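What follows is a single structure, written as structure tokens, with notes after it.
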Amino acid sequence: GADGGKAGDGATAAKSGKRLTATLGTAEDSKGPAPAVEGARSGGTVRIANANDYAHLDPQKVYAGESYSTSLLWGRQLTQYQVVDGRPKLVGDLATDTGRSSDGGRTWTYTLKEGIAWEDGRPITSEHVKYGIERTFAPGFELGPTYWPEWLTGSEDRTGAVKKYGGPEDGDLKAIETPDERTIVLHFPEPQSDVPYMAAQSSSSPVRKDKDTGTGYDTHPFASGPYRIVEHKQNQGLTLERNPHWKPDTDPIRHQYADRFEFTFGKKILNTAQEVLNGRGDGADTLSTKSEIPPELYAEAARDPKKKELLVAGSRGAYTQDLYIKNSRVTDPEVRKAIHYLFPREQARQILGGPRLGDFATTLSSPAVVGWKKYDLYPVGPTGDTEKAKEHLARAKTKVDTLTYAYESDAPENDRLAQVLVEAFAKAGIKLVTRPMDKAAFNDQVFRGDAPYDLWMSTNSVDWPTPSTLLPDSYHSKLDALSNSIRYSNPVVDKELERIAGIGDARKKADALIDLERTVMKDVPVVPFLYSAVTQFRGANVGGAAVHPIYGSIAAADLYLKKP
Amino acid sequence: MTGYILRRALQAAAVLLAISAAAFGLFYAMPSDPALIACGPKCDTARLEAVRHGMGLDRPLADQYLDYLRGLVAGRTISDVDGTPIPCSAPCLGYSYTLHQPVLDAIGDRLPVTLSLAGGALAVIAVLGTGAGFAAALRRGKATDRLLSGFTLVGASVQIYFLGYALQYLLVYATGLLPLPGYAPLSDGPGAWAAGLLLPWLVLGFVNAAVFTRLTRSQTLETLHEGYVRTARGKGLTARRTHLGYTARGAAAPLVQLLGLEAGALFGGAFITETVFGLGGVGKLAVDSVVQNDLPTVVGTVLLAAFSVVLFVALADLVVAWLDPRVRLA
Amino acid sequence: MTDVQTADAQSGQHAGHAEHTGSTARAGHATGHAENPRTASARGPRATAWHAFRRDRTGMAALTVVLLCAALAAAAPLVAALYGKNPTEHYGQNRPGLLSAEGLPVLPNGGISGEHWFGIEPGLGRDVFAQLLYGMRTSLLVALASVAVIAVTGIVLGVTVGYLGGLADRAFTFVCNVLLGFPTLLLLLALSPVIQTRFVDPGENEPVWMQFTSLILVFSAFGWVPLAMVLRTAVRSLREREFVQAARAVGASRRHIVLRELLPNVWAPVLVHVTLAVPGIVTAEAALSFLGVGINEPVPDWGRMISRGSEVFYDDPTYMVFPGVAILVFVLAFNLLGDAVRDALDPRTAR
Amino acid sequence: MNQSALRVRDLTVSFTGRGRTVTAVDGLSFDLAPGEVLGLVGESGSGKSTVGLAALGLHDPARTRITGSIGIGGTEVVGAPESAVRKLRGAKAAMVFQDALAALSPFHTVEAQLAEAYRVHAPAGTGRAAAREKARAMLERVGIPAARARDYPHQFSGGMRQRVVIAMALINGPDVLIADEPTTALDARVQRQVLELLTELREESGTAVLLVTHDVGVVARTCDRMLVLRGGRALEEGPTAKLLHDAEHPYTRALIGAAPTLGTVPGTRLPTVDEPAPALVARATAPAVAGDGRPIGHVLAEVVGLHVEFAGRRAAPWRRRETVRAVRGVSLSIAEGETLGLVGESGSGKSTTARVLAGLQRPTAGAVRFDGRDIARAADDTRLRRELSRDVQLVFQDPYASLNPRRTVEEIVTTPLRVHTTLDAAARRARAAELLEQVGLEEAHLDRYPHEFSGGQRQRIGIARALAPRPRLVVADEPVSALDVSVQAQVLNLLMDLRDELGLSLLFVSHDLAVVRHFCDRVAVMRAGEVVESGPRDRVFGEPAAAYTRELLAASM
């Protein structure tokens, strides 16, 4: 990993052109060990102070970028992203390569490396990988991604899938063969092109049946990576120690420089950041993998060159932030266009924290996605264009004078953002009704078909950096409200999506989806706002701190303490 | 005396029971759905129903409350989102699906912070508050009195969050005179422990001591006119002995009662102070759980706060009874 | 023994009550006996109190500040018009050069300038002076309305229960103990969004009056307790006084006794309580806003200003100073006024 | 011996507060010789206590201005440093404070308080045990068993507390004892014991005593000389015997004659300050009384077999409440135009009986009739009480507490008129003015508040209120016991006048035998809720039948 990344380059941190998409590595790339890092010291304790504990550590339940990234410290998957100079490349992790497909993408075969072992020294076998995938069918594992159940059973959704197979309780899953200890063969009813990426997800981690402690596994999983969990006090702390049975030769991406990792939870991030930036106490060895630099401290840190050094900025994976429009309520594309022109991107970003939040977006998908191409269908200045908006409103068949905007009321800046929108919409004579809402209830209340809300802000990402989980998972008219929350419905798009689903070749599929994106965006179903970026911080002694290009936060697995 | 304590305990139990019922009713009757939180964002309707059933939320409120009470007394088994049973031994305050731990554990984890904060602040309040009030009363009308009265008026009027931030800015950020506020367990050494809590103690202490000082002052002034204080002087006692032996004793009862209330409130969680200084105590837990709609934790913290108030008020009454023999036998 | 408890220790208003509870209970005995017939002035109790009050210089100064605040709040639109700004316009966002890209004021000291006397708000760039002015309206409106409800509820309940005694009294004490044991702030925190979701049409902005009403109702729901307890104690001792027996003996009705014999005797504690409750509620309202509930954007509010100030106080400490000092002065004036009223009404104080 | 124990010259004491200055003592001079007892008499507020406190320098220096000179055994007190005065207090000069309950600390045992008083002045090295020994001995000396030394003051009766205070004052054998109303709060029997104790102690140790009191009877019994104070000035001074019989100043004479004694002629007007020598007119129309004590005339009100019980406190939550049986089988009757006196010690059930008759208290058992009508339910039935209150009215003991301080005299006096008549506001006011004149006040007083009146005036307002609906029976519950002797005489005179003018029937409750004897036609004596004796005044006082009555009479002599 590269030290520091594009540190502190606030305004230009996330220049779209610099984004790099993940390429597939070869079997050679998949061989260990990872190249040694210059300046890294062996030993010491890296301290990670996060505001909250991890909701889940069970690999089959983890479903969030930073948790994925951090779990790499103790968990290994079939494949994983190797980051060299900030460029991500998918390589084999437990497997010798990123997977071999046959049968037009209906069968995928993985071979496990030799010498891979659990923290108690016993080897990791294909059975363990299979058991891990089987767990994703079981009740209680709805929290994780649903791709394995859906793909392996050829079902529309997980609910359908678990009817066919209900998890390890139901015995053996026929779709996965383990001819020997080192071979796994996955059989899919439909062609699947993205299996190598899915194999990198946490839910593809092996689990050993005799160590599966049920709910207990969620707080204390069994390690296969360079570190193992010695203690986990919920909401207080998590301590990792070197795993003696991890062999560097087998691992192309991880190191084992530090002796220990100590996580603490519950401390106010503002205090942590102050300690880190000023090097007080343990501050120099400390960082937070989860939190961004608190806005309170950002301006000063950006001004002071010494502190600026300690900022770690980068794009937040493939995340974008958009203004969503409920297409079933705002049916007239002219009105949606007017919204597009009215939206005050500049002011909205200023309220949320300024340029460090990311660059203005013009496309639906993030530049981090394989095959991304820049386009700008309805160009508009950053402060919006009231005149153009009025023109479109005049052209609209249905007159609109009131719109409703729903938002999560857990952060005060959301209230202020709502005020910004109110002011901007008022300029075109639209009264914007703002509706603060409980965070937990937001999805439930806003996405319901009959919910009376027209607009809301949303951050989105793909599950892995190909476009295959973007349009197909959100823009098909037959999807439920939870997936297609804006109720986008275009028969042409539906048809094209169904055609693309049959493509087994990853490259071709990606290109087709990227092309379809323009068709979708002509309808202005959403207003693109930002390609999200993050700015985090690290202690002066902490090396290897860079925002992971896929997971979008500081990669814990790359951290070490610098040589004095 | 035992009869009195028993009666007090019964009363307190009744009050707590009522509060628990009220809290339960109020919070569980709220529109937000605990099942929704437990189930997570990607939860479809069928799944939600299952979770709701698993958590027992589809049962009548009264039944749920009875279960809750049973758990408090005898412990019970709670079902996790996926139906896995989680044993929860008495006193069981329920299970937080947000924090993924029993509410009692969540509170227990944060209690040391709250105890440290409240204990220290209470010491500041008691010592500073009574001392200043007593001094002001004995020198009433003089410069000391006016100065102290001015101070206490400001103290009684200033907002904890304003003062907290202002002092943090001045003493920590701008000048570095004090360490950053934070909690280090006592096991890290008393120095680290006290250093991190110094500022919160001072702020909380100052603001609350102000009202205490005012009460002490007026109470002392009142007692000074009591006949028995005059008798004591009439015996030929020195002013010091009179004030320590008689005036202070006579003024003590309402002060003890206020201190009891103060302690009850503080040990129940200093919501704002903990928020201002980013201390992860019970108060912060309570505020966070309200914001996140973590109902079992909300009810748990409400009960703890109420318990704390009821307990300390009762304790204060006992101390008053012990201080004043007239009450003792009543 | 004492089941007299007092209000929430967090909001800081409780001690006023505690102090008060003590003194009125005793004052019950003192009135009448304490004053010597020969030295008493030929004025009614009201005039005597007013006379005493006028002699109290701090009290008069506090009253002046309070009246000034009230006048400013009432005339806020006028003052703002003269000043040429309104509290909701996003000056900083609409005029380039006032705020940095991060939303911080470009000019030093929070953007204080001839144009914006107290600077501009970080982020939205609204005018601080205009916000303060209108924020005072919010605070005063909530406080005065709540106090009105509290006074009525407290008087009715306290006096009635004090007079009736018996079962009513026990039920009352129990309810009070329950309400006092409840962490008010938490409840307020939890209830405000409930009221919002329950009673507001989802397609409509929450009406401002409803925000105020719900806040006032919730404050009132708890605020009456200390007043009612004070009055109950006062009336209980008054009830034993012979003049109530005397009224009974001449055949007076219960209504007469409560309204004409008891009520006139408790207006002193009521007045003191009410003047001290105003700052208490202002404080509590600000605390709620500080914690993120209460009056919503875009209605100006001091507590929310402080809360915003706490987010930027490293970069723009000025922004927190204005609302912080404003609340301090406002609350201080009311507290001083309350003290002065207490002193004026209490024949024993000759401090 | 030319050296006085206490020498006061030109003493002036003034208090400041609330911008007013009150001069409580104005240029007072007197001497107190060793072993002498000087009675300091005067009505309430005349400055008696102020003198006593000044002698020990116990006034609050911030609010008090003292000029002149006070010498105790040759040491000057006025202007002396606190440390010097402190050495005198409790040692050479001690004080018995006016209110014994307030004067004792509720937080310390009696023994501790006494022992402390001893140790403060005892020679260095006196041990705690020795001090406790001394304290117990002193308690025994004033008649309190040493076994109770570890009790707290509230566990003692009023008389015992008063004796504790005296013991504390005497523990160091002071040269000067200032006793401020040491007997006021006590009933006749206890009062006598305390005074005897004082006399004894004086004879034993030669202590000079300044006895502060408003009770001339006490002075007559105890003092060598007396000094009369009025408005802070000395009015007259001289040997007790001389002043009692041959006072120069009319005020002194009034003060001495104002209190009826068991020797005064019943029914005569009493001397007051305004009318020092009233005509000796006995009551013109005393109703006839039968030999057995039952009234002969038409019986207006009566109670038969009256029982009243109160729920007392619970010993424990599960226990039943104990009941207090306040009245147990009392039968009384009052004839038209007759005055019945009800005497008895405190707590004997007098007030309770009176309240039953006035319809304020529900009887537990027994019949209550007014004018032949059953009124037992009046306490619960508002309508019945309202009807009853037209004919029966109450005058209360405490003129301060029985008038609502927040209502004007007009409002107070017209309340019964509002209830019982249909008069309009103007007519009510006119009637109120008339009533005020009847009780010796003026119409101009209507708009004032009670606190602007003296105690005697207030009691007149109370009487005016009671008379407003023209009642037939007035129940007077200790109407004069809260008043100064001189004021008491005024009120008694007024009541006697009104009774004669209006032909009222009266139930007169009192614990003062002399007053009852002076005022009533018939007398009933109560003890512990029962009537032990009742009959015509002259018979009950002349040849008391019950032992208890005899005991009471003896104590009042």
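A few remarks follow.
As written, the chain order gives the labels A, B, C and D, with residue 1 at the start of each chain.
Following the convention adopted for this analysis, a contact is a pair of C-beta atoms (placed from the backbone, for glycine too) under 8 Å apart; a residue touches a chain by one contact, two chains touch by 3 or more.
For clarity, every value in this text was computed on a predicted model and none was experimentally measured.
Among the chains present, the centre nearest to the common Cα mean is that of B. In whole angstrom, the spacing between the mean C-alpha positions of subunit B and subunit C is 23. Averaged C-alpha coordinates put the centre of subunit A at 49 Å from the centre of subunit C. The centroid of the Cα atoms in subunit B and the matching centroid in subunit D are 50 Å apart. Among the residues of subunit C, those touching two or more other chains are numbered 197, 292, 307, 313-314. Multi-chain contact residues of subunit A (touching two or more other chains): 438. Looking at subunit B, one finds that residues 31-32, 140-141, 173, 291 touch two or more other chains.
Touching pairs of chains, sorted by label, consist of A-B, A-C, B-C, B-D, C-D.
Interface residues of subunit C, counted against subunit A in their complex, comprise 90, 93, 99-104, 123-124, 193, 196-197, 202-205, 292, 296-298, 304, 307-308, 311-315. By the touch criterion stated above, subunit D contacts subunit B in their complex at residues 53, 56, 58, 62, 82, 86-91, 94-95, 97, 99, 102-107, 116-117, 120-121, 152, 154-155, 165, 168, 315-317. In the complex of the two chains, the subunit B residues touching subunit A come out as 31-33, 36-37, 39-44, 46-47, 80-84, 86, 99-101, 105-106, 109, 173, 179-182, 277-280, 291-293. Only residues 4, 11, 14-16, 18-19, 22-23, 26-27, 30-32, 140-141, 153-154, 156-162, 165-166, 169, 173, 207-208, 211-212, 214-215, 218-219, 221-222, 254, 257-258, 261-262, 264-266, 268-272, 275-276, 286-287, 290-291, 298, 301-302, 305-306, 309-310, 313, 317, 320-321, 327, 330 of subunit B touch subunit C when the two sit together in their complex.
Against subunit D, the residues of subunit C that register as touching in their complex are 31-33, 35-42, 44-45, 52, 55, 241-243, 245-254, 256, 260-261, 264-265, 267, 350.
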